[in-house]
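Going in written order, the chains are labelled A, B, C and D, and every chain counts its residues from 1.
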Amino acid sequence: MTTITATISQTIIERFKQIRTQTEKICSPLEPEDTVVQPMIDVSPPKWHMAHTTWFFEQFVLGPYLKNYKVFHPNYAYLFNSYYNSVGNRVQRAERSTLTRPPLRDVYAYRRHVNEKMGELLLTVSDDQLEELLPVLELGLQHEQQHQELLITDIKYILSTNPLLPAYAEASTALSSKYPGKPKFLEVPGGIYRIGFQGEGFCFDNELGVHEVLLADFSVMNRLVTNAEYLEFMQDGGYSDFRFWLDEGLAMVRNNNLKAPLYWLEQDGDWYQYTLQGLEKLDLHKPVSHISFYEAQAYAAWSGKRLLTEFEWEATTQVYQPKAGNFQESGIYEPTVATQSLGMQQLYGDAWEWTYSAYHPYPGFSTAAGALGEYNGKFMINQMVLRGGSCATPERHIRTTYRNFFHPDKRWQFTGIRLAQ
Amino acid sequence: MTTITATISQTIIERFKQIRTQTEKICSPLEPEDTVVQPMIDVSPPKWHMAHTTWFFEQFVLGPYLKNYKVFHPNYAYLFNSYYNSVGNRVQRAERSTLTRPPLRDVYAYRRHVNEKMGELLLTVSDDQLEELLPVLELGLQHEQQHQELLITDIKYILSTNPLLPAYAEASTALSSKYPGKPKFLEVPGGIYRIGFQGEGFCFDNELGVHEVLLADFSVMNRLVTNAEYLEFMQDGGYSDFRFWLDEGLAMVRNNNLKAPLYWLEQDGDWYQYTLQGLEKLDLHKPVSHISFYEAQAYAAWSGKRLLTEFEWEATTQVYQPKAGNFQESGIYEPTVATQSLGMQQLYGDAWEWTYSAYHPYPGFSTAAGALGEYNGKFMINQMVLRGGSCATPERHIRTTYRNFFHPDKRWQFTGIRLAQ
Amino acid sequence: MTTITATISQTIIERFKQIRTQTEKICSPLEPEDTVVQPMIDVSPPKWHMAHTTWFFEQFVLGPYLKNYKVFHPNYAYLFNSYYNSVGNRVQRAERSTLTRPPLRDVYAYRRHVNEKMGELLLTVSDDQLEELLPVLELGLQHEQQHQELLITDIKYILSTNPLLPAYAEASTALSSKYPGKPKFLEVPGGIYRIGFQGEGFCFDNELGVHEVLLADFSVMNRLVTNAEYLEFMQDGGYSDFRFWLDEGLAMVRNNNLKAPLYWLEQDGDWYQYTLQGLEKLDLHKPVSHISFYEAQAYAAWSGKRLLTEFEWEATTQVYQPKAGNFQESGIYEPTVATQSLGMQQLYGDAWEWTYSAYHPYPGFSTAAGALGEYNGKFMINQMVLRGGSCATPERHIRTTYRNFFHPDKRWQFTGIRLAQ
Amino acid sequence: MTTITATISQTIIERFKQIRTQTEKICSPLEPEDTVVQPMIDVSPPKWHMAHTTWFFEQFVLGPYLKNYKVFHPNYAYLFNSYYNSVGNRVQRAERSTLTRPPLRDVYAYRRHVNEKMGELLLTVSDDQLEELLPVLELGLQHEQQHQELLITDIKYILSTNPLLPAYAEASTALSSKYPGKPKFLEVPGGIYRIGFQGEGFCFDNELGVHEVLLADFSVMNRLVTNAEYLEFMQDGGYSDFRFWLDEGLAMVRNNNLKAPLYWLEQDGDWYQYTLQGLEKLDLHKPVSHISFYEAQAYAAWSGKRLLTEFEWEATTQVYQPKAGNFQESGIYEPTVATQSLGMQQLYGDAWEWTYSAYHPYPGFSTAAGALGEYNGKFMINQMVLRGGSCATPERHIRTTYRNFFHPDKRWQFTGIRLAQ
């Protein structure tokens, strides 16, 4: 190993350690029982997340690259594969709560084992192999960061279904929040914009296929929509007035008798919100979150505005604001109040912004060969693109070209609204 | 009424008569029992189609414009409204088979009554009123043409669920079909294309919001994919190889044990197809149809090509082929074999072409005020755009800018595949 | 053929004609569309009833006994077999509404054809064969009578789902009904009773296995519970007070938000009831009907009384009242008001009486060999016995030992309540 | 407190301790994650069982009888009430896996707390109060014994859904099992038998209403049906031959593609069985268990015999065998092989015996006032009676008059077959 690759390895090892440790830090307040249940199919048990991210390194890095590597347990590939058909059979998504065993301590042992072996690999790998495995390793780290965000939102959902509504973290000393002032619409000039990832560093395959799009002039709200603003929509009968809704959104709202965002609770005329700090009185100035695309779109229709497309959103970042915001690292795990600045705010962090763009391939998109080709492409139907990251996203994970995607009815992520006109 | 409006009225009356008569012609081979059942939720009973299209004129034309008009029956608005929340309560879609009464003969009487009153209105209306009602009348006629296509596909589905597999029409003297030759890919140059409807004549609101899009170079298959070509995909294990499929497509195929297009039947090693002429041996040279978007996309992935976007499709029509093709008027009710021409063929008629474009609003789209604003906009989620019309589409109904839309799992329409690369 | 068998044949032919004609009379007010739909799985399309009862004679009588008999249509056995696994494949129960074809007129032709062939058979059959086929023929006639009752209740259900609530028959000149007076409880002495069918004539296999049971003293209400009495239970909060309900009954009531018997409708504070004469104001003095076993049992619990067992019911008939009552032949198709007599009334006709006895085999019960062994035995689980017949039962069809059976949640039959203590 | 009551109290305290300790012993091999999941609605999480049985004493004994008793936690009544409508709202059965909190250690603390307070109560209670509370306390102990059996069967089910198929207990040193010989049918003379509980000691309300029944002569198999005998039924096509099945049983078998008892697994032509000792080769001589009523009945039909009624079963115990058998106390948790004795065996323990008797009230049955009236009566529909206890039943819990009951499709209890003729 040359000095240069040794330095690279050292940096990678640091980064590997930091990300792996962070995952365990997120899980540390949990009881073993919290880590095994699956109250809805979208949610995975935290124990599963911890093991699955570990399996990813075992399957795609240690197996192929560490000489004589023996898997920690012969059944774990079956237990902790998520959706890679190429890699063989697996426990079905809906049955992840059957994994009462291995117990939590075994999963921690699995993590330690893989961490050690990864360290061993990185200290002994040849230059050529390092070059070959680095992209897969990087994908593994990005993958684990994605699961960190899912861990936070899945833990929130799991605890919220418990009748005791337990807190995950100490109650934050509530900052007295301040009205951020009326929103302002900032202009983005029409023209040809370059969309997609270019340059150095990591990106997912769904950001590739750089291409130009032609946009007309538009203007963008300088912050996210607040709880107060959303409450106005509710109080104006927004949830029952069919005129604002897409037909399938209306059906969802009616069939489930929805009247407010997920985690909102009305008690004696006051609104409360379940947060990872427990049940709290609704902070009117915070950005609204935990809403579906349908609710975002209905709010936009009610307000006489519209949502952005993902191309408009990306163009906006080219005109305004560099990456900065309230991310996972703040440990707040809730969107925070915007400032009274008239400039562009909250494009990153706080809450993912629903766009009115379907999650489809960019021109020239092609899936990689082999198992990792199943990473993104096969989900490109019936989902909507979200942009900008949230309070649960690691800061170093997000990019201006990053495309997140969920079905339009999902509400358990930190999802919010920005308007255009 | 001036001479000019009198002439206009006369033209309109002719057109009104022609379209209304055609609907009844489509239904004439049916037994009363065929007209009331609803074997799946997407299918409506033919009797309901006949009454609903009639109610449209009563509700939106006769009611507002014919003085002292008395509705034919006070309950029909409740029975035959489809999805207009603005217009009041209605029989839910899933319960249309409860409408055993009114009996078929009453629905015919309803049609006659409304036809007569429409004639009366058009002969007596003032110039000002005519100008006001013409767009609504035109919409009513376009609406009835849409239901003519649905009648044909719904009748096909209804009869196909009957264990006797009855024929709807006389068996066509089967033309001995001829191999259309290998497909050719024709080039469309990149650049800025104008998308959406402009100019005179009718269009739906979803075609409005003319805008420019920037396209890269691409090339387009000069005809539709044939049954023989699709069979090759099937015989190559296409339905069971996960690599070609979107994840939700794979789930649909597995959960429903799909192995072929809708209406295909294997008997003793030979493939048959249920058509409106009854069960027939599969004609290998005809375009494949009755496939979902998922199947179209999997076929494209298997063949190493891709589907077009709706913008590419529309650009293609600007470069190639004027409107012509096998439409409803031919009375064949099946896609027909392409010629051996190397030029562009089958862009119109035969089978709707699935595009890889979500059915979303064009920039600047806005819904009309009132009930007719519910016509299109509220369906702009989770559906894919189809272009070009089919063998069940009236020729005068289709346009180059026409956007049809269905969920990606639907198979009961005449839907086919054209590839791009 | 001897004179004696000729006479028997003549009697049988008369009886055959009478019963077959009555089925068609029941269907005569229907539109073709009424005869094909299946709004819930328990209900069969009337056209299917008419064909199925005909198929029974073709399958079990004409096929085996009429020389050179050719079936009317080769597919009808597949279409119109109900549940006889022994006889081959069949259209599944849930898919009977796919039978839009054969059209109604073909089913009438089928009936005529089988009737003629049956006549031919009975006039030419040898004495030996007659002896052999008579039991099967008798079963076919009893079977058709059962379907006559189902036709009436299925037609009622079908028409009731139509938003127009059409009447099946002319409105009866409403008799001004008279309060039948308070119910009286009549004593039945304890002891050993002989249960089950013995003697001459027809019975079903489920009535065989005559056996003795030991009963304690009990007393029986002398008439059925009235609508007024049931309304009192409702107004006392009966449907929401869990103390009166079996747990599964409570779940049914809550999940379906039930608040009254089937066909009851509250409008502006008044109760109406859908009957075969259309929607009528509730007659307070008529027996309550269209209730589930759960409702019957809850009513009994609320009133501090209980339901009878089927053995108590049969013992009661041995002590009191010969067969007489309001049957199908009256053409009223509704339970009628009891008289002010203090004697036992309404044991037969008007409404089937739910007993608190499971439909299980009698000691010594055995199923017949062959297809007809599937007639009753395989349903002996999860159903409750009902006794006495209803206003839809043919008078000659019912016996004191007759055991009808339905699941405890069913409400579309004419079912009522008699109490014991 | 008199000396006599002091002695009674001491006895009760011993018994209380013994039963409470046994529950915890059953749970001691479990991981915390095992104690929270609910893989099917019939199964409750073990943590819930432990807390619910504790709540029973808190709710019905400590609350009413211990002065100034403060509940351990104000929410536990809501969390751990099972089905007592009288006592207020509760977590719904299907949502018991939401109870990740309180964590397992808190539930143990809850148990200790209630145990201590119960000790305190029993040492200080007055004679009058003791007399009043003794029946409730006894019910609480019987109730906990019932949950011990459910714990064992629920744990078995939970572990069996885990892809690792973990063992709960050490593998027993497999006894080499010996063929018990052909079964013999022993006669029970007909006559009048007295049914139901009489005499001293505890019984459930569903055993009361002592009454006489008249039985005909019958004979009873002297042991349970073995795995070998059941395998013969399977190999004779028993699961696919409709003639042996009740119709709803056939539907269950077909819809779920059942081919063997629950927990049976075929690998390379050999049969294995999941037991609490892990996956073991099928022991052919052990009694078959984990079968539904439908399978028991089909087996009986195939063998040309029948199941007993619950009255015949109880009469049999009056003629033969005193209580003795393989109960929970043996710690084997599996049915064991019968001896070669020609006498009556296995009437008690090993496996519950399905009877062909519906779980209905005895004559004169009445529910107690208040919450405890909800214990049994409200389940008296759609369930079948089982008799005799199983290898999971505490020996002191079972009686000859004991009526257990389950729906006819349930298979997760230790349920077996005895034949009569």
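Operating definition for what follows: contacts are C-beta pairs under 8 Å (C-beta built on N, C-alpha and C of every residue); 3 or more make two chains touch, one makes a residue touch a chain.
Which chain is which protein? Per UniProt: A, B, C, D = Ergothioneine biosynthesis protein EgtB.
This is a predicted model, so every value here is computed, not measured.
A.B. asks: Would you mind naming the chains that touch subunit C and likewise touch subunit D?
C.D. replies: Under the touch definition, subunit C and subunit D have no mutual neighbours whatsoever.
A.B. asks: How many Å are there between the centre of subunit A and the centre of subunit B, using C-alpha atoms for each centre?
C.D. replies: 39
A.B. asks: In whole angstrom, what separates the CA-based centres of subunit B and subunit C?
C.D. replies: Those two chain centres are 47 Å apart.
A.B. asks: Report the inter-centroid distance (CA atoms only) between subunit B and subunit D in whole Å.
C.D. replies: The mean C-alpha positions of subunit B and subunit D differ by 60 Å.
A.B. asks: Where does subunit C touch two or more other chains at once, residue-wise?
C.D. replies: none
A.B. asks: All pairs of touching chains?
C.D. replies: Pairwise, the chains that meet the contact rule are A-B, A-D, B-C, C-D.
A.B. asks: Which of the residues in subunit B end up touching subunit A in this complex?
C.D. replies: By the definition above, subunit B touches subunit A via 83, 85-86, 192, 211-214, 216, 242-243, 245-250, 293-294, 356-358, 360-361, 363, 373, 378-382, 408.
A.B. asks: What does subunit B use to touch subunit C in their complex?
C.D. replies: Counting only subunit B, the residues touching subunit C are 31-37, 39, 47, 75, 78-79, 91, 95, 97-104, 158-159, 161-164, 166.
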